[in-house]
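In the part that follows, the structures are each spelled out as structure tokens.
Paired with chain B in one complex and with chain C in the other, chain A is shared by the two complexes that follow.
Coming up: the complex of A and B.
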């Protein structure tokens, strides 16, 4: 099977790239060994969380771009970043939107009782940013182990209760199971009735981010009407339901546009000719399938996604064996405190300004390969709080640049 | 506060807890004092190997005899703390067969059951072993859970009247002529000070024995030997795997609960508080153990840690106080003219009971009373919750778990919390299997904090506890970060630094485990 573009990796950057190419009418294959990391970490859209909440993000970002020419944002520039973000946003029209508060970062409460700066916030989390100003009630669920209402209440200085919803033979629930339960009308009735009994004079009610997978705004509105207070979702440890919502939205639209989706397909080999990639192979012994394309985008993430691997001496990119910017010898990969900025996180693929991979001297590795997402070098997404921003912006522009050629 | 007891036991490792149990079973009032928690030293930082004695059978038959005798006793009195896995001593081509033949001969002389297995028989039992092996010898090694064992001893001691003073350090002694009359101590967490009078003082502080004796102006030549170990994310073999050669680096692999422990190294140390595992030790352990089990090269490591062996350096003059090279019992009346001070150190985890018995025998002799030991006859009480992996697997799905790696139920944790006397967060972890499994506490510690808030036991900002734990965990994770361990690391950083936005505490580096 021959494609105009093959995208390897199903995280947010790969999905953005697929979308750009599909909307340009191209024949696109997106292939991943899993279903990407959206369902692990993404709740809101981080652009550059380290810019203080008092500064307009656009201003902070301009300065950042100026100071960091080798950062993916530095390579793209402000206009391109804004274009990519608005493209992402157009996928989420009301009612489930991603918005900033006054164009600045805002502090969103988390399941650890901390506040976290982020930029674009889904409508179901918006009320959480006024946690400190309003009377709040935090609600947890019996049997759901990653969210403790009392702990949050103690840390946020508000009230917290744990609801026991139904006789559950399993005794334990994951965020996914809770989100599916929330899609059942009878459970929403039960939940609303319980909350109504518990509520005193609280104006906002926080609960783990499980307000359904498919239509969270409808579920939120319905419950809010019954209890007479505003609801907000709080990000929890993986799996992330808000991340799943993003994934599902992209997948549904991309399938509509004729994109071929292959998950559970690890790329085992690439077939090269000169400095061009001709096809990729996926081996599920004894069967090997190959897929050819004019252009390829590598968006395989970092170590967790399998985009980078490391033996004890160095870091490698396993699919194309692209040059990787190394963070020194293994003893230097990590610092003495868990919370330090570890040099290993700066490792990644070097690219030119069009996101094509290059070696240390700037020589192009392949003519028809582009690279997107956190696998890129020159950023520190954890400390910058820039994960989704880098994914959206580089995914969008890798595809745009690839289409141009 | 002034306290009074008959015997003050200093040190809360296996030896100290064993002595407290032995004393209380013989009806002698005892108080155990420990500057950390139970198991803070080598007792909580070892292989978890139930020695058959075979490892020492050629080099130190006396220690081997003690091991096999105690091995048999532990199987009777503490079956819930053990896993009867058996052990194999594997001969690789480079080891030759001379040592193996001497080894089998010595096992017979020492009454350690040893059965020679052919290459095929061995690979039939353990298919992942290096197929180039020549043969193996099967011996009754096993796995032991030091935490269950020491806690069971402490519990039984308490039931029989012994008392415990944890997180309390002996700061000085009052010596009057040829007697120690009192010890002064300080609660390291809350600052309370104690004056403890006793008729007898026992120094069971393991590697810290010399440090303690300095407080009465004595010294003890100790050789501090750091042993480093690695933990893999799954069990790599059914049995304990040893190398059939004179004891050396990286020649033991012990399956323990859900993991395997690879060990050990031996590095001479000056500082007894230094537990850091060096990169070359990690390399050495992988290189050596993978000669026996080649897939160790691909295994996911989840932690590196080290313990300090309290080895006694024999003094020049012929010393009849040394019962064997395995452990050493010193009556300071004979050695230094201090009538009521005894030091017990050296030895193995497996021989803790014998060490306690000999120590309490000496006390009885000094007291001139005839009370015989019964610790080898009376079984240790099993706690209510399931201990072994097998028993815990039976509970799968029927309970709400806090730790999914090791199947630790919320009820079990609440039970430990209700027992009380917990002074620090790490105390809870030592009394459960929490943080000992595949994720090394990355998921369950957040849940444990939630539970503590739910129970109203913590009300303030508990994230400093979480951060302290993550920093402590980091010490064991950092040396093994490459290969597939990097995946988990990215996940954990993504949760705590990403989703939770936790940042470094200002007080990083001091008292992070409180």
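Coming up: the complex of A and C.
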């Protein structure tokens, strides 16, 4: 099979790239070893959490771009970042939108008991950012071990309760099971009645982010009406239902546009001719399928999904064997303490301003390959809190640049 | 009849590559609806660390894995979760023994010949309430589940009387269910292939073995696989490729024969064994697909079966059927129909099967189609049961759209 564009990697950057190309009428294949990592992290959209909440993000970002020309944001510039973000936002028209509060970062309460700075927040989480200003009640579910309401209440200085729903005498529950239950009208009635009994004078009610997969805003509204208070979702450990909502939205729209999705099997080989990639081979034992394309985008992420791997001496990119900006010799990869800024997380693929891979001297590695997402070098997304921003912006522009050629 | 564990068939991948990220938990249809199954992360690589060859199995919940493979497709680390589950299930059932019910459900091919011949009587018996009640009470085959009816003549009998003509040859693996219970799917396949200039040939074949493998019986699955592979190799060596219209049988033959059952030369079969719509898409790529379609003003919804997704060929049905003018085709956004082959017929699993199906039914309700299309007979049985709608194999719609289908 031949395609206009093949995207390797099914995370947010790959999905953004697929969208751009599909909307330009191109024949697109998106291929992932798995389904990407959207269900692991992405509850909200981080752009640059490092910028204090008191500063307009646009101003902070302009300064950041100025100070960090090698950062993916530095390479793209402010205008391109805004264009990509608005493209992402157009996939989420009301009611389930992603918005910032007054163009600044906001602190979103998490199930880990932290207040986490982030930029674009799904509408179901918005009320959570006023946790400190309003009287809040936090609700957990018996059997759901990723969310301890009382512990959170202690940390956030409010009241917390754990509900046991009689019709639901389950011993152990996952976020996916809870989200599915919330989609059943009888359970919503039961939940609302129970919450109503428990409310004293609280104005906002927080619960784990499980208000259904398909239509969370409808579910939220219905419960709010019944309990007479505002409801907000709190991000939880994986699997993340808000992340799944993003994945499902992209997948449904892209299938409609004729994009081909292949997941579950790794790209095992690339076939090169000069400095062009001709095709990729995908191993699906006992057979190997090959797919050719005019252009390729590499968006395989970092160590977690295998976009980057490390041997004892070096960090490697296993598919194209692209040059990787190294974090020095191995003894320098890690700092002393877990939460330090470890140099290994700066390793990544070097590119030119159009996101095509280059070596240390700036020579182009391939003519028809572009790179997007966190696999890029020059950032430290964990510390900057810039994961989704980098994915959206570089995924969008890798595809735009590739289409231009 | 116990199957036996083949030491060589132990996973080729190490379960320790699991990083416990829980992506699989986002897609498992079973753990989403019941707390009785702990989900792929725990059932597969999690429990694998505590499983030793000689220790007795302790997890009766392993039998609740429906075998959809959706976890395999989601895993970012390449853990063969469904395979780990199947091996653990086989070991558990080897120790515990399999009920007569499981033998009956997985050996329908043995009595489907006479049942088709005496279809009037057989169908009356299968619909009879007393008989279904007895099956429920004694065999634990859920009486709320309607058993598929037998048709006469069989597909094979029909084909014997049907002179197939064409300039190129193609072989067809039709599978047990098409032969005796959904003969028209087989006819449609033959007619569409002929309309594309192929002479259809039916190689000697028998049950692919998936039903017995699904209940953890490796030994018997192997026997069936050996017979099929030897027949298919003859077909392939004479230069003829093979297509299949049932995605689960196709997945079994193409991928499980080699990977799980270690059947010699099965990889040669796999290279020449194609999903029907994948084959038609290849014709489209070559520019030889017959696209003289008439207008078909109809609203249809397509459901991609789990085993089609794990074939890793995309959704070729959408690509082909979207060529038909005025056919309004929507993809159903749902995972797994919940039938899982014989899984949903078993009394202790019926409720789970229905709960999983509920999500699919709601997704179909949102689309409001006139007809639902899906490649797998199990999914068709389940969607009929869930919605009461007309449910067809996509090839039947394609035949309808071809202006001059051969009779």
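Operating definition for what follows: the second predicted complex is superposed on the first by the 400 of 405 C-alpha atoms of A that agree within 3 Å, B and C clash if a C-alpha of one lies under 4 Å from a C-alpha of the other, contacts with A are read in each partner's own complex, and residues count from 1 in each chain.
We adopt the following convention: a residue touches a chain if its C-beta (ideal position, glycine included) is under 8 Å from a C-beta of that chain, and two chains touch if they have at least 3 such contacts.
Please read all numbers here as calculations on a predicted model, not as lab measurements.
Student: What is the contact status of A:337 with respect to chain B (first) and chain C (second): first, second, both, or neither?
Tutor: first
Student: May I ask you to decide whether A:172 touches chain B, chain C, both, or neither, giving the answer as first, second, both or neither?
Tutor: both
Student: Once chain A of both complexes is superposed, is A:328 in touch with chain B (first), chain C (second), both, or neither?
Tutor: neither
Student: Taking the superposition on A as described, I'd like to know which of chain B and chain C A:145 touches: first, second, both or neither.
Tutor: In the superposition, A:145 contacts chain B only.
Student: In the superposed arrangement, which partner chain does A:112 touch: chain B (first), chain C (second), both, or neither?
Tutor: A:112: touches chain B, not chain C.
Student: In the overlay, answer first, second, both or neither for which of chain B and chain C A:228 touches.
Tutor: Neither: A:228 stays clear of chain B and chain C.
Student: Is A:238 touching the first partner chain B, the second partner chain C, both, or neither of them?
Tutor: both
Student: Please indicate which partner A:261 is in contact with in the superposed arrangement: first for chain B, second for chain C, both, or neither.
Tutor: second
Student: Kindly classify A:33 by the partners it touches after superposition: chain B alone (first), chain C alone (second), both, or neither?
Tutor: Once the two structures are laid over each other on A, A:33 reaches chain C alone.
Student: Intersection of chain A residues contacting chain B with those contacting chain C?
Tutor: Touching chain B in the first complex and chain C in the second, residues 40, 143, 170-172, 237-238, 240, 304 of chain A appear in both lists.
Student: Residue numbers of chain B touching chain A in their complex, please.
Tutor: Against chain A, chain B makes touches at 279, 283, 397-402, 443, 446-447, 449-454, 456, 458-463, 466-467, 470-471, 473-474, 478, 481-483, 486-487, 489-491, 493-505, 508.
Student: Which residues of chain A touch chain B in the complex?
Tutor: Result: residues 40-41, 43, 110-117, 143, 145-148, 150-151, 154-155, 162, 170-172, 235-238, 240, 302-304, 309-312, 330-331, 333-334, 336-340, 344, 382-383, 385, 387 of chain A touch chain B.
Student: Along chain A, where are the residues that touch chain C in the complex?
Tutor: 1-2, 29, 32-37, 39-40, 143, 170-177, 180, 237-240, 244, 248, 251-252, 255-256, 258, 260-266, 282, 284-287, 289, 304-306
Student: Can you check the complex and tell me which residues of chain C touch chain A?
Tutor: My answer: residues 19, 21-23, 25-28, 31-33, 35, 38-39, 69, 72-78, 254-255, 258-259, 266-267, 270-271, 285, 310, 312-315, 318-319, 322, 331, 333, 359.
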